[in-house]
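Consider the two complexes below, in which chain A is the common component and chain B and chain C are the respective partners.
Right after this comes the complex of A and B.
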């Protein structure tokens, strides 16, 4: 082909025939303890929340003693984080695409009010009421996705708007009235399905906790083992590059928002079981709590980086802190104080790890 | 002369008050290597973007194999068989080499898991990616699963070129493929370009490297001020005349046209 160098051309390339053909190998200079830790964490970013979770369980175990470690308390933590955990799963999807969803909790409360209204007050069969709420969650997600991809609004603004819209709808539909637990039990006990528990010794696992874990496992599979999941990461990493490389980015983005909306509707069902009634005022801070869990879980707010399991650990860390500090007799305001520092430290550690290149 | 495989007539693209393409024509013959050269801002990249579907031209027609086509996305162009390596490379830095190579056309596992649950065949994709990179001589990549952001500029370019060459079917467009490469990788890319042509696939090569252009090109399309100035035969013109043409120091009438 080009074995004979062209006149006046590139005869220096003749030497290339004898160039090395083996894979490159290098001696690694010793890095020291801190450097090694940094590299291990860089290769496995989910280690950070796992380490923080284990460390905080150990610390609170020492401070609060037996009561903290009791199976009852540990299962209670799982129960308490289950709703925020499911919301954090939905939030993770959005944040992986370099967006943010301020409306997750508002979608959830709206869907719980819709299913409760239909089933308890209008006598619609509970399964149909639930299906309507799932469809509503998907539609709400589609609205967010449409605003982001078609109207080209920044996700922060789009979902700030829909958060208020959905919250107003909640107040209008419910008339600011709660639907009492006794009424749900009488007409549509299916709505409280996820409040059921499995008793294992002293530990009580609610169905809601199991749902949370199933949601995380399913999303882990979708994000890591399917083409669609890889596309979600690519879009978050560099949307323009993904577009040029042949991914229908806007369509995928809308699907992401719709899936997040559906997960919020699942959380709505689970929340009825968890709270025992349907209150329009509940979970008002759920949006920010879900973002907190995602950030503590080491998922980058700039998109494309982090594992869905990080959000689960992030939610658990928050739960462990709240439970541990309460058992240690610390005032609620210091729990909030601690969570605030946790967020800051989590992101700071994240920045430190990213400084290494593989 | 036979009919061009890919033909464009009267392409116009304006960005606000800037005219990037001013009634540009373009012809790619079957089985040739066509180099596109031109000064900075001459509209080479705009021309390539219009042909590869990355932008929609305001006016003009594009014909592929005698049929008029109009793409609204690179995906459509790619499905029609036009594969492009952009100057920006269009790679996702945080993802692995394998993920990037299969972006948008991942392989699924055979059987139920692949069909119904979309399970990816990671092993087959890694093997394929490793083979393609070895073909390109990118032996300094140690781990096929390392993130693209950990590669050097030249290695990234190699991954992008390998991606286009691995799947390209009718036309391969390379925008400055050797600009960031070392001597050895440049040679591999040039060999690859000739290899692709010998298999019958025409290649469009955009480059500022005149020795590379003159070595591999069958014809040279000189772009100036948003339109095709002329097409020349590299065997009938000197490098300095080509540069004179593309910078406006010489008129096409003064040289023998191809």
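Right after this comes the complex of A and C.
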């Protein structure tokens, strides 16, 4: 082809000068302040929980004073939310796939009872007892995933069922009896590993807190930087589209449930360090508390949207509210009241953000 | 003769009849029902054991029911209805809700069943024919008095934390708490209300749901308000174990005296280990076996169980367990208690 058009030929390119130079695009009406905020939040789902967290720390710092703001108290809040935080990480995985897992806390308590029974009462070496509990967590997750993908049960129903099944197994195995802290210390101190602390100035970080943060960082990497993680989001957003795009959705879903089960088993190990003993009665509402953290963290219950870090912030917001209200001398029932409103407002904001127009 | 008149005439003889109940013979096909709040708590497990043993010994049929969780009223209503339909002679029940079960209990009594509340009284107590329970106020009073005597002069400057059950302030919760306050020598205002005391020695109260995890968090919260807490009252022994973990984590395990209520075997071992200073033991097995005997006696000759004098219920006993006995409060050692503990 020559550089200059042949004389007499059609000069297509000359027309280019008068044609539009921009790409096809949507019309933009001016958004206004509210619309802009809506857009920013849509693009950055963790903004809301971060703002709420910072604001609530500031407000309680003023109301409850220095005691609240002390490094010691702030590290204590981290410690208090660590178990529910880890469960919320597992819960987030499931909720991102547009599911819900009512059995997370039951898996956790069951695995803590299994490792405790084996190590403390049957003299099995603690590392093996823990490995058994990890395998058990993965198996419990597989059962959930199998019920959801093969039997086609809605996740709510599948995990409602397994919650009860696991809870009954807890009671059967434990005889509803606590395993005492002193007995764990004497026979299998490794089970309480995550109760160890690192002192940094006045702050006291337990290993359990550090585990929680590591779990979130690892999951953030997996969800955002790996193909598998993108698949999880896609399945939650639109399972059929994901399938048409060539993703083996059922297999990925089962893997999600198994990973969640494994994280619950990690939480089980951490919970022994936190509680000090193995108590079958503990964490009975842990499933709902984990969902609360996820929802307040701005992760959409409709799947496919939200950052795993939101769940961490959600758990921290709950912890900050409880600690702040307690230090301000507010009766317990008002803590429950406040958390209730937090949930409602968080989901209302999510609904509003979802309505964002392009 | 009306039922009321019958009750009046028989109540005088009841105390005498009670002692003879153990020997009461089952009249053929007597059926008794035991309905507990849950079948998960070792307390109720022990209760069921006691009832089963007593029923077997007397050769009667026992049907047992339980709610799924504490507060599960629907399951208990269904269980009472099933017992009426089954033609049972009597029901032993630990009501999940002191007030909500009133209609179905009345229905059962109208159908001629003897209804005995175990452990948790109805409100009002005469919703049932009788109540066999631990004197929870007395349980609290014993550990309060023990704490005051143990602290001696230091009691005047005590820094007290109370770790209670839940925000609902149910009867067992306020009775133990207010009993403790009374025993320690603190003036209670409304005896059915936790936390309305004006005594400056009280740092605060928080709730635990009766679990170790709740006990730990509640103790941490109260230590944040005052790190000098040196006396901790707990609603039960798992909460006490959690409180001890929190104190240990703060590095002040020896600073505070922990007192509790229940008498579960892990709790008694915690007394032996020095985790808990003293606990007040209750006797679920006796509650249930006495209940079965009362149902048999009623089925045989209409005997109505009577209350302990001065109380609105029959007191099945409470005993202080401690390895540091004090003058003026009767107690048994943890070693002796291990033979008696439940769960």
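Everything that follows uses one rule, which is that the second predicted complex is superposed on the first by the 324 of 358 C-alpha atoms of A that agree within 3 Å, B and C clash if a C-alpha of one lies under 4 Å from a C-alpha of the other, contacts with A are read in each partner's own complex, and residues count from 1 in each chain.
Rule of thumb we're sticking to: a residue touches a chain if its C-beta (ideal position, glycine included) is under 8 Å from a C-beta of that chain, and two chains touch if they have at least 3 such contacts.
Keep in mind the model is a prediction, meaning the values are calculated, not measured.
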Partner chain(s) touched by A:225 [first = chain B, second = chain C, both, neither]: first
Applying the document's definition of touch, where does A:149 land relative to chain B and chain C: first, second, both, or neither? neither
Between chain B (first) and chain C (second), which does A:282 come into contact with in this model arrangement: first, second, both, or neither? second
For A:38, using the defined touch cut-off, is the partner it touches chain B, chain C, both, or neither? Pick first, second, both or neither. neither
A:187 contacts which: chain B (first), chain C (second), both, neither? neither
Partner chain(s) touched by A:80 [first = chain B, second = chain C, both, neither]: second
Quick one: classify A:67 as touching chain B (first), chain C (second), both or neither. second
Considering only the touch criterion stated at the top, classify A:327 as touching first (chain B), second (chain C), both, or neither. second
Residue positions on chain A within touch of chain C in the complex are 67, 73, 76, 79-80, 83, 171, 175-178, 180-182, 195, 197, 204, 271, 274-277, 279-284, 322-323, 326-327, 329, 331-333, 336
Okay, in this complex, where on chain C does chain A touch? 39-42, 45, 69, 167, 195, 204, 206-207, 209-214, 216-217, 220-221, 224-225, 238, 241-242, 244-245, 248-249, 265-266, 269-270, 273, 275, 343
Residues of chain B defined as touching chain A within the complex: 54, 73-75, 78, 84, 86, 88-95, 99-100, 103-106, 108, 117-120, 139-140, 142, 146-147, 149-150, 183-184, 187, 190-191, 194-195, 198, 211, 215
Using the touch definition from the top, list the residues of chain A that touch chain B in their complex. 1-2, 6, 9-10, 12-13, 16, 19-25, 221-222, 225-228, 230-231, 233-234, 237-238, 240-248, 304-305, 357-358
